[in-house]
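Common to both upcoming complexes is chain A, partnered first by chain B, then by chain C.
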Partner chain A sequence: MQQRWAAYGGRSLFVLLSAVPIVAGVSYALLYSLGLTGVLSEGFTLAHWQEVLGDAAFWRTLGFSLYVAAVSIGVALGLSLALVLRSPQAFTKGALSFFIYLPLSIPAIVMAFFIFQWLGKGGWLSRLSHQLGLIGALEQFPDWVNDNYGIGIIVAHVIMATPFFTIFFANLYQNERLGEYLHLAATLGAKRRQRIFRVAVPVLLRRGLATVFLYFMFVMGSYEIPLLVGSQSVQMVSIRTIQRLQRYNLGDIPEAYAISVAYTVMVVVLLVGLLWYNRKQMGRA
Partner chain B sequence: MSRFTKIALIGLILFPFAFLLMLSLGKQWPYPAIFPEQWSLSNWQLVLGGSEGLGNSVLVSVLLSLSVATLSTSLSFWVSRHIAYHPKREAWLSLAYFPYVFAPVILAACLQFFFIVAGLYGTFGGVLVAQLFITFPYGVIFFSSFWNERLRSMEELVKTLGGSTAQAYAKVLVPVAKGALMTCFFQLFLISWFEYGLTNLIGVGKVPTLTLRVFQYVSEANIFLAALASCLLILPPVALLWLNRAVVFREG
Partner chain C sequence: MLTIKNINKQYKGEAVLQGLSFTLRAHEMLSILGRSGSGKTTLLKVLAGLETADSGQLLLDGQDLSPVPANQRGVVYLYQEALLFPHLNVFENIAFGLRLRRRPETEIKEKVNGLLQRLELPGQARKMPEQLSGGQRQRVAFGRALIIEPRVLLLDEPFGALDAETRRSMQQLLKRVAKDFGLTAIFVTHDLKEAMLMGDRLGMMQNGQLKIYGNRAEFIADESTGALDEARFWTDLQGLKLTK
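This part shows the complex of A and B:
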């Protein structure tokens, strides 16, 4: 009896700390965006949703977040796969197996600060270029920070994600005994290119799909990095939401909540898609 | 991989650390100088001297992260057992992924109202509760693969021999889970230690953690103190990594 109550208690606490905050948050945001709660609430209205969905800037924000996440993860995956497949043992044994963990100890806000001081117009690379005679003045250095293409944001995420995926794939390589598969493929006459693109990359990507997807979501919703090195004219979702919430104009708040709900719906759709795909793959296996 | 490539990679990895350390020791850095014109330990002495509030921020960050990691680790360890042994384990576990649907900062924005109503807005307790919402589900996911039939049999053996549930935890489950508990504790400590957006929004800047200090100094264009606060943020995770490495070597 006591055990049953403990089980109920445990599961209730689980729901209370993981599902309740999300349901409460989304419900409140939805009600606010529909004009049903809040300081300026005047009853049910779709005006805020029409405003958000009809605003090109909102779609640009979503598109920009997707673009930053796709390019960052794409580059990081390419680099980490190249490193692991070139030398799989290097990241599980020896000095590199320790050093590769070090970048994971850098918080996003510190990485953003580093990028700002490294790639900014007055940053270290600009100074180095000046000393080497590549540029004559600070203004001649390209806009790599606070730019409309999100170069600074992408570089920051690539620096953070590459070591993470390198460690992840190096362990996967070992656990999945990929070396033996590749050896078998070579025995059967597969060339190096075929072994990499037909065997190694598909196995690593398929096994790591869920992790890659979660990291993709993390980059899409990132806040600190675009806050410091992002542009004001093209913003990522978190920045646009928080800026609208913190403006003095109270009329912007329902729109901020509408953006939050729209973003959540998009992520849920992507997450359900991933779960469905994973289940299908497991069924096949 | 050749020795040269390995050394080059290690150099690349160490560059941000050396760069931040250089700035934390600098005083004057006019363009286009590559290195600061003056070097000094005075920025670091500010931490020990207690001025600039940096020492206070270190204390707040340590206290917050220790509290969050301790609470989340112990709660998630206990709760995950009840989830893992449930017949519909997968369905229950999918709830743990809920908080990751939101970016933490957007979650904080949507929950602001509830924190104001509960009187937790702008308080240490409020930030602690908000961080539990992102660390606790992580802990549950982390421990979900820990529970298995072997542990269940050990637990039942304790009860067959007349032991209570508390004794089963104290004498069997916790000692067996020591390694996993430590790993989870460190990971949750780091999640809390690195957190900025949620802490800033729920704490309204009144809970001055080190991440908030970095942003404050960047906003004030004080790059030397921002670099110092960055170094202070990086130090504990690096120490934990080194400790982990030392333990692995000793056990190896």
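This part shows the complex of A and C:
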């Protein structure tokens, strides 16, 4: 009986701390975007939603966020899988297993500042290129920070995500007994390339799909890095939302809330899709 | 025919295989009985090309296997667990070896469906490994190995993780399949009865050394195999029952 009450208590605390604030926040944002609350509220209206959904800049923002997340995660996954499959033991034992944790302890804002110092026109790489005679003037250094392709944002996220996925996949490699799968595949006739692409990569990605997806969403919604090294003309969702919320024009606030609700709906739809896929894979669909 | 001549292997200065020599005839199943740590698994891994021997010679039908990598030996190693690829369904798990060899789709379908029937797995083709019982998984693992027609099949305690009843039915199935396919195989186990049931010939592995017996009577007569102890136990038990 006492155990049951303890379980109820634990669940209630979880709901109170995690679900309630999110549901309350999204509900408030939805009401605000529909004109049902807020300082300039004039009753129910779809005008703010029509404004947001009809604005090409919103879709560009969403597309840019997806692009940055896809490229960052894609590159980080490629690098981390290559590292783990090259030396599976290196990241679970020895000095490397300690040093790989260091980039994870750096806050995003510090990483963004580091990228700014490193890749900016007046940054270290630019100065080094100038000293080496590769460029005639610092201004000739390519736009890798605050650029329209999000190179600075992507590099920062790749540096942060690669150690995370490397540790994650190194542990999965051990837990999933991938070494034995690869041995078995070899005796069945698989060459090294076939073992990697037909066994190792699918097994690791399948087991790590949920984590990869969550990190993808984290990158899509990231704020500090695009704020410091992102472009002003092509923005990520979080930057555009916050800018609209903080403008002097109070009329922009409902649109900012509409953007955040639309983004939340998209994330939830993708999450449900992922859960459905996972359950189907597990044979419970 | 597989011929092993004077194989030695050490780990960190400790001898795991010591001067192993034996011959495995074509279409024969050799049962090797041995306790944990006796070197059974190392022997199989050396034969499969997953470990290298420090010295000695491995000949398969006259071909020296030592320089041949694992993926070109045609020697399939099966673990205690089925280790079905979790991202592939039953059909694709069995078809794995043929897909590697880029065989035509019609051949793959024909061979996989044939094996599904012979391994008593009808209607399971589209299931994922998580949806199968332990025995079914092991059948799929056999199918995945058999489809590439291995020159030698190495079975490392394949039924060790199964319950007693499933284990019995799997032993029967493997006996039948081995006969049908004319398998050349080494079956490693620590279970005395299983060793006697599965092997055409019997061997005993102790401290990295392997003794192959000329016939079943020799195996039973050797105290170290434990066969006599087992027989005495059942005789005594029978006597106890009768006197009661």
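The rule is simple: the second predicted complex is superposed on the first by the 272 of 285 C-alpha atoms of A that agree within 3 Å, B and C clash if a C-alpha of one lies under 4 Å from a C-alpha of the other, contacts with A are read in each partner's own complex, and residues count from 1 in each chain.
By our rule, contacts are C-beta pairs under 8 Å (C-beta built on N, C-alpha and C of every residue); 3 or more make two chains touch, one makes a residue touch a chain.
Note that this is a predicted model, so its numbers are computed, not measured.
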Room on chain A for both chain B and chain C (clash or fit): fit
First (chain B), second (chain C), both or neither touched by A:Pro202: second
Partner chain in contact with A:Ala6 - chain B first, chain C second, else both or neither: first
Which of chain B and chain C A:Ala24 touches, first, second, both or neither: first
Touching partner for A:Leu274 - first (chain B), second (chain C), both, neither: neither
Partner chain(s) touched by A:Leu79 [first = chain B, second = chain C, both, neither]: neither
Partner contacting more residues of chain A (chain B vs chain C): B
Touched partner set for A:Ala190, first chain B, second chain C, both or neither: second
Superposition-derived minimum Cα distance between chain C and chain B (Å): 19
On chain A, the residue positions that both chain B and chain C contact, one per complex: none
Residue ranges of chain A touching chain B (in the complex, touch as defined): 2-3, 6-7, 10-11, 13-15, 17-19, 21-22, 24-26, 28-29, 86-87, 90, 94-96, 98-111, 113-114, 116-118, 122, 124, 126-128, 130-131, 138, 159, 163, 214, 217, 220-224, 227-228, 237-238, 241-242, 245, 256-257, 260, 263-264, 267-268, 271, 275
Residues on chain A engaged by chain C in the complex (per definition of touch): 176-177, 180-181, 183-191, 194, 198-199, 202-203, 206-207, 281-283
Interfacial residue positions of chain C with respect to chain A in the complex: 45, 48-50, 69-79, 83, 85-87, 96-97, 99-101, 127-128, 130-131, 144-145, 148
Complex contacts: residues of chain B adjacent to chain A: 1, 6, 9-10, 13-14, 16-17, 19-20, 23, 31-34, 75, 78-79, 81-83, 86, 92, 94-107, 109-114, 132-133, 136-137, 140, 165, 190, 193-194, 196-197, 201, 211, 214-215, 218, 223, 226-227, 230, 233-234, 237-238, 240-241, 245
